[in-house]
Amino acid sequence: MTRILVVNSNTTESVTARIATAARAVAPPGVVIDCVSAPFGLPLIVTRADWLVAGPATLAALATRRGGYDAAVIACFGDPGLDAAKELLDVPVLGISEAAFHAACMLGRRFAVVSFTAALRPMFEECLDHHGLRSRCCGFRMGPAFSGDPGTVAEDRRALLIGLCREAVEQDGAEVLILAGGPLAGMAPLLQPHVAVPLVDGTQAAVRLAVALAGLAPLDQRRRARPLTGYAPEVTRLYGG
Amino acid sequence: MTRILVVNSNTTESVTARIATAARAVAPPGVVIDCVSAPFGLPLIVTRADWLVAGPATLAALATRRGGYDAAVIACFGDPGLDAAKELLDVPVLGISEAAFHAACMLGRRFAVVSFTAALRPMFEECLDHHGLRSRCCGFRMGPAFSGDPGTVAEDRRALLIGLCREAVEQDGAEVLILAGGPLAGMAPLLQPHVAVPLVDGTQAAVRLAVALAGLAPLDQRRRARPLTGYAPEVTRLYGG
Amino acid sequence: MTRILVVNSNTTESVTARIATAARAVAPPGVVIDCVSAPFGLPLIVTRADWLVAGPATLAALATRRGGYDAAVIACFGDPGLDAAKELLDVPVLGISEAAFHAACMLGRRFAVVSFTAALRPMFEECLDHHGLRSRCCGFRMGPAFSGDPGTVAEDRRALLIGLCREAVEQDGAEVLILAGGPLAGMAPLLQPHVAVPLVDGTQAAVRLAVALAGLAPLDQRRRARPLTGYAPEVTRLYGG
Amino acid sequence: MTRILVVNSNTTESVTARIATAARAVAPPGVVIDCVSAPFGLPLIVTRADWLVAGPATLAALATRRGGYDAAVIACFGDPGLDAAKELLDVPVLGISEAAFHAACMLGRRFAVVSFTAALRPMFEECLDHHGLRSRCCGFRMGPAFSGDPGTVAEDRRALLIGLCREAVEQDGAEVLILAGGPLAGMAPLLQPHVAVPLVDGTQAAVRLAVALAGLAPLDQRRRARPLTGYAPEVTRLYGG
Amino acid sequence: MTRILVVNSNTTESVTARIATAARAVAPPGVVIDCVSAPFGLPLIVTRADWLVAGPATLAALATRRGGYDAAVIACFGDPGLDAAKELLDVPVLGISEAAFHAACMLGRRFAVVSFTAALRPMFEECLDHHGLRSRCCGFRMGPAFSGDPGTVAEDRRALLIGLCREAVEQDGAEVLILAGGPLAGMAPLLQPHVAVPLVDGTQAAVRLAVALAGLAPLDQRRRARPLTGYAPEVTRLYGG
Amino acid sequence: MTRILVVNSNTTESVTARIATAARAVAPPGVVIDCVSAPFGLPLIVTRADWLVAGPATLAALATRRGGYDAAVIACFGDPGLDAAKELLDVPVLGISEAAFHAACMLGRRFAVVSFTAALRPMFEECLDHHGLRSRCCGFRMGPAFSGDPGTVAEDRRALLIGLCREAVEQDGAEVLILAGGPLAGMAPLLQPHVAVPLVDGTQAAVRLAVALAGLAPLDQRRRARPLTGYAPEVTRLYGG
């Protein structure tokens, strides 16, 4: 049995539930998905400062359940805490931005990022740069500023999203599309019938890839006992060797 | 049941057998590996011209068994025919260079490429550029020119390889190592005990990732019936829609 | 006397005739142009799979006339078979995309690519990346999707093309323009009077540069006799040393 | 009067004292330097995980003294918490890696990074990439692995450092040198007489540039009241608007 | 007392006066600004040829006052003569494009360039490439072609400029804006109240940074006596050692 | 008859004579080579400041003979005045660095730069960046610092150069070599018998390409009458329209 821990880096339980549903939908037989919220932090992750403070919260969630999973997924676009988690944990840890980019690259040569609002573009550009994959992205197609209810935006902007997907294919030459932004989690199957190229959902891509990499664990050479102060015991213990 | 077709792009059966062994070693329960040689072409793939002529041979192998697998792997560094296969086939197709790069990226931020001979460096550099991942590679550590028996080089240069792996970790800051070159297929488990960071085997990475992506098939919008001449019927049929 | 072989990588004789006319228009005195079609393959080259299968066909055309020319041109945007031809032939071989890019770079610092349809953009972007010249391209100006007769598109979209050329100069700061796409071969002289910067025709640039480089032949150190199977004798003989 | 807050991102008071000395040495008349340690975290910052956990500690130090300074410096190579601080604070905040890179760029076109141990190279490469300045760095010249006393390494490896500086100038064509690594803070004046090009000290460059930018404050448009939990009150208040 | 020489690379005295006003507005107490025009050359610098011929004129202005300033600013977008001045002078010399880019980078991660006319875009793109900072620029927002009076364009296009600034923030995610083009010198304070992110004025940024770097002089290792002919004595003397 | 003007950007007549010999050796029948020295400036061009002051001198040489040639070559590595000349002249103008890079790219995918002294590396790196071709260069192989007689260095370091060429081929995978530095002009034929890949001589490459591009003249839209002062009448007249 393979166990995958999925951490929602924010503290909103309804989002965690939605992520869990999306994650479980692609879990192969014999794979168990455990999905948890960040134990502290913010209800929504938007800015670079948010990523920073969500990082230790994500580490805390990973640390608490240490030993109880074979691979982990950080289910928050922007991948807070990802680099630290890769260093401190002894199993593979994937971010959903990271996983979406790599899965898209393997499914086609040119991918576009589609979302309901342009406000997400800077975060995705920085994330692409961080992972070194900017050159594989052939375009961004995003809707106008949004101030409505994230819980219903996927439905409210459904026609817009289908239009954006088609523009990405026809005008940018996209061969794969990444559906970006937390509120669109789980939308891919609903939009796919209207779009001619594969739609990648970050959470589901991350679960698939985490299952694939389980067992290829980073070794422990970089961890050494160090006296961390000011954090909860489970995080401090990550530094305990 | 998930079926993975692994194509050795050259015509040497002993290499195909070795690839099959490596591939099957990582196949999860319920996954069947079928491994075949290119039906024509060259016994060894070295130059850019070799990649070109190995491309249609690889396509022919993929075309012949069309419908009989859920994802495919092109098991030849340099990934001959990969872009064409992604366009023409209706299941995910991965190359072993491509898979090694993406797996390494997900296991750590800095990977190095280690091989027994520097003659492979240009091919890997071009391959990294083609996949847009040059910036993730922190170094090449490769042995001197080699003119011996590829069948025994892994054993003959075992101490050299361990030394190169250690240099990559200590001097280049590598956090993951790709063991490169056909003759090193299957060597990772033997070298791993001597190296502090994960060793990635291209064939095994590709099988893992092909299993992960099976079902996320590229759609058929790009294929259209076209009168191809001069190739075997199975390749021509790929152009038949 | 300098002899230049121009290979049309597709099998359409009317296109070959048109290429020959454009090529001969710029041949200096004492230069003879021989223009041939691919002996097999596809009537039109559009996708990455097309480039792959057109590669061996282009090699076959080059191999058949081996010894009868001082330099060669692959007259198909996307340059199918180019890298292999550079390795296997003992005279300079240029592709028309390659030649257009280099000629444009030498005529000005910023070039734009102008064409009748945006469908060509991905191919040109990949080609620019392959030649390492993406940073010299300051923009793409291309018309909408096209499903009419390629034989008359140059005339049908003449006003559109002039408008696109002007936008490239005024809005992108282009100092040179590449007129892109097979159906526009030979259009440059007709459009030039309406455009303030030089228009580069790929075939004609390639002929000029092939004449210039004739005699600077790649040496033979990379060719070695190897048992290629599954290809026509003339291609196999390229592997014969 | 201009007040500059310098935060040592680790918890080691002796390092803070050393930083304060270096910082005050370049403060112009009328500029007051206040230098503090991180209130919690780690005694030494080495890995990516360290940067992450040092980030909120650095924010806490900045938040506690909010309103009491006109610009701030994060005095830790790797710049922990820098992006978040730029968003959350209403005065300019500079990191010492960032400042060293920008100062070096303005003093010459090619800078090299010199340090006593190669272990710092990955961190500097990532930092250069993050700031987009990798292309301005013409080389790294660093000593072998080091396991001695950081407090005396500057003295112990003095001859080595002078040799590395000279190699950077003569072999890499460096026109400016960045002296990298916490234990080398304050060494620049001692080494400068032996080196023909300017030596940049990160802390001192940051103080100079912070004074220059004081008053060009980022505006407050990105901060909005948000319910952060799990952090100390002063950090939480940064999210209070 | 710190003395800063500001050189207007063109010969138009009214522009020099305007630059002087902007420069003096940000000079700290104890800093004296001397502002001069190029002694020969062109009344306006627009093309690459203009930059070239303005280079020796700028050098002449710098050479004439040699010894009389602690740092210098070349107050012309495009930075004519900058690299030569950095080599030949024994004090720091900054260009206003260079200074604007570096200041913007330190104030935020994403900057946009805003100007009254798109004709300036190629120059800024080349300048960004020369300084290696293209990746930090998230967009250009520029008005249409302009053929009116440069002396009043800042006023005439004020509403346009405010609109462009807002688009850069809202659509490109800019966190800092560079107000580009000579005729906009001094406009930043007038536009700032209407824009939510910091506006950077090149001349003022350069003065601030020149004051900061004064004293970090490039050393003299690169200058050697050489027999320059055809230039005015003060330039020739720069080559005199 | 095609006339090519070759300008040596320095004032040393013996170098001009040597350039003329190399240039004439590759001129096709019907092509006349005129070779002149810069009318003023420096006897040797080494630094960025040298490039700047050599620029107007090169323009003066080009301007004096205006109307008397069909294409021009700037025969000085570093290409002083090249961008300005491309704007101001109504015929194609090529630099020898530029020409060497483009010719090398068309003869193979990977070129290395070989020279007798490492002191030339920064200039070549900057030149490669300026032309956007850094990614095509697979290595630099250069001798140690040199303070002997440039007139005999080619002979004195002949064995060294052959060794460097071989290292570039065997260790860097170079498929073409650029022989760099003025003192090596004309050496290519002497070294070629000892090297397995083509050697490119900058002057000869530039003459070949200038002949090829003659007639593809940049149009005159960018030149406009402007009141240039401080330069010789022939340069001033370039600004006269």
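We call the chains A, B, C, D, E and F, going by the order they appear; numbering starts again at 1 in every chain.
As a working rule, a residue touches a chain if its C-beta (ideal position, glycine included) is under 8 Å from a C-beta of that chain, and two chains touch if they have at least 3 such contacts.
Worth saying up front: this structure is predicted, and the values here are computed from it rather than measured.
Asker: Chains shared as neighbours by subunit A and subunit B?
Answerer: C, D
Asker: Among the chains, which is located farthest from subunit D on the basis of C-alpha centroids?
Answerer: C
Asker: Counting residue numbers used by both copies over all numbers at the interface, does the subunit E-subunit F contact come out same (over half shared) or different (under half)?
Answerer: Same-residue interface.
Asker: If you average the Cα atoms of subunit C and of subunit F to get two centres, how far apart are those centres in Å?
Answerer: So the centroids are 27 Å from each other.
Asker: Find the geometric centre of each of subunit B and subunit E from their Cα atoms only, then give the gap between the two centres in Å, rounded to an integer.
Answerer: 52
Asker: Measure off the straight-line distance from the CA centroid of subunit D to the CA centroid of subunit F, and report it in whole Å.
Answerer: The computed centroid separation for subunit D versus subunit F comes out at 43 Å.
Asker: Tell me, which residues of subunit C touch at least two other chains?
Answerer: 48, 83, 86, 109, 129, 135, 222
Asker: Each pair of chains that touch: what are they?
Answerer: Listed in label order, the chain pairs in contact are A-B, A-C, A-D, A-E, B-C, B-D, B-F, C-E, C-F, D-E, D-F, E-F.
Asker: Which of the residues in subunit D come into contact with subunit F in the complex?
Answerer: By the definition above, subunit D touches subunit F via 109-110, 135, 138, 170-171, 173.
Asker: Using the touch rule from the top, collect the residues of subunit D that touch subunit B in their complex.
Answerer: The contact residues of subunit D facing subunit B are 48, 118-119, 121-122, 125-126, 129, 145.
Asker: What does subunit E use to touch subunit F in their complex?
Answerer: On the subunit E side, the touching residues are 11, 39-44, 47-49, 51-53, 55-57, 59, 81, 83-84, 86-88, 129, 222, 226-231, 235, 238-239.
Asker: Going by the contact rule at the top, pick out the subunit A residues touching subunit B in the complex.
Answerer: Subunit A residues touching subunit B: 28-30, 83, 86, 92, 94, 98-99, 102-103, 105-109, 131-133, 135-136, 175-176, 196-198, 200, 208-209, 211-213, 216-219, 221-222.
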